[in-house]
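You will see chain A twice below: alongside chain B first, and alongside chain C after that.
Showing the complex of A and B:
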């Protein structure tokens, strides 16, 4: 399946069911990570239950050093 | 020293530190430790899957009050979006609101900042807005429920010191929320001066992070801020036009 993640198209083998599976496939620890799916914030408690579909736009953000 | 209260929370250190631009996460962690700061700011960015930012791991979220900023936001909508994402990522509902559409001087947009502040306060955020040293805007931000006001001393990272001194004095005189001087401080003496003008705290990033020895500079700022706070608490004497002898004027030799 293809997803647009942080502005780039990424292709995944097989189907990822939900946000949790996607983060695992991206090798991202969900601590201190926020996800936006097609423009809406997905809260952590819903990572397991929020489905991702082919063509979805996903933003994965976290903290960096900053003033 | 008297603690500072922001949104009901007691803050002992009057020095807030930004975590950008440090030469390494280790140096940043040591500088934070030495500075005695309790509030540290962070930014929110897209995760780089190939090379994740190492700064995050070096910040102890249990030890510090982590204050996410909305840097990069060019209007209210983007700032609100970033604040919501920061809260979703961390559970932290404090936000340093920054809306800086101007890429050259990074000056904050007053209208968009006020608009975003109003929305975020309604959504339950504790909002600390970065703003120009405009006393009227400070009142407006206070009126919509901001927890502090954070007027700039000079453009971000410019190290030029308190170019806005006269206006910061007016903000201090009128404010009912803590005043945190943010941006443009370059030297420890600039931080002292801000406190001596009546500011409650200062936020420093570049002056520490980009110093030759960030750890030593963090300590220098800590001492400067503490010394200014102690001095203000001690009740400074009034300025006088003429000399007044500090030695007795009696008992001279003939």
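Showing the complex of A and C:
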């Protein structure tokens, strides 16, 4: 399936069902990430239940600690 | 024509040199800045709208001319824009205390700052506080310190933990600087601002820990509204730590981005 991640088209093997699976595929810690799906913010409580489909635009901003 | 001396307009006739002007209007000076240039050529002929700053070394200027003298090294049209700006800072630690000081010195008109913590001894290796401020809320210590730097930035301070529910304290800011330490809080702030205040530009930081090369700290533009400063991967962990020099570089880059965004220089 194809998704636009932070403005770049990325191809994923198989079908990713939801944001959680997408983050796993991107190797991103789901606790430390801000996600927008097609322009709407998705909070981490809803990563499992928010479906992604082919062609979706996703913004993924991940963080590490320190400051 | 008009020439500004320490911010005050002075009527001057055409063809007058800097030397003649100063002899007449400020005979006791010994430090001169002409249009941001220190120690200019005294024989230069003044032009309409020129800005001359003059003072006596070591002497406190009168209140009315302090603002003009403080910003004598910045182009005036930039200082004016910065004075009109409101900027939010979420977190006043290693990043936020440096970002805040830089923005106060650059002449931002108003800062809205938030932090729930107090000053503690392990903060002093990188955060801009003093020994006597240990135990004080950081927002209070920050306000106190900035009052010693400048009278030209209003500071609205909140001793609170920022959440989705109270992020609207930043509603009047054009740019919000994410300066937290905790990665969960960093992600929360970005989500909350994107949801509640989607028009704001966010300048966040990620990957500022350790003693890695200064060259690894870069700016990643995620979209028109989100910039991330850091190397994106160096986190606090066993034996890595946080040091003033590297965190300070990231904070200076964050604050410089804010200035450029406000001035319309960041495309």
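Definition applied: the second predicted complex is superposed on the first by the 62 of 67 C-alpha atoms of A that agree within 3 Å, B and C clash if a C-alpha of one lies under 4 Å from a C-alpha of the other, contacts with A are read in each partner's own complex, and residues count from 1 in each chain.
Criterion: a residue touches a chain if its C-beta (ideal position, glycine included) is under 8 Å from a C-beta of that chain, and two chains touch if they have at least 3 such contacts.
Worth saying up front: this structure is predicted, and the values here are computed from it rather than measured.
Visitor: Quick check for you: in the superposed arrangement, does A:49 touch first (chain B), second (chain C), both or neither?
Guide: neither
Visitor: Just checking: does A:27 make contact with chain B only, chain C only, both, or neither of them? Give me first, second, both or neither.
Guide: first
Visitor: Between chain B and chain C, which residues of chain A are contacted by each of them?
Guide: Dual-contact residues (chain A): 6-7, 32-36, 41, 43-44, 59, 61-67.
Visitor: Please name which positions on chain A make contact with chain B in the complex.
Guide: 6-7, 26-28, 32-36, 41-44, 59-67
Visitor: What residues on chain B touch chain A, complex-wise?
Guide: Per the touch definition, chain B meets chain A at residues 18-22, 28, 41-47, 49, 52-53, 55-56, 59, 61, 66, 68-69, 71, 84-86, 88-90, 156, 183, 203, 205-206.
Visitor: Along chain A, where are the residues that touch chain C in the complex?
Guide: Those in contact with chain C are residues 6-7, 29, 31-36, 41, 43-44, 59, 61-67.
Visitor: Can you name the residues of chain C that touch chain A in the complex?
Guide: 91, 93-96, 164, 179-184, 186-188, 190-191, 194-195, 204-209, 222-223, 226, 228, 232-236, 242, 247
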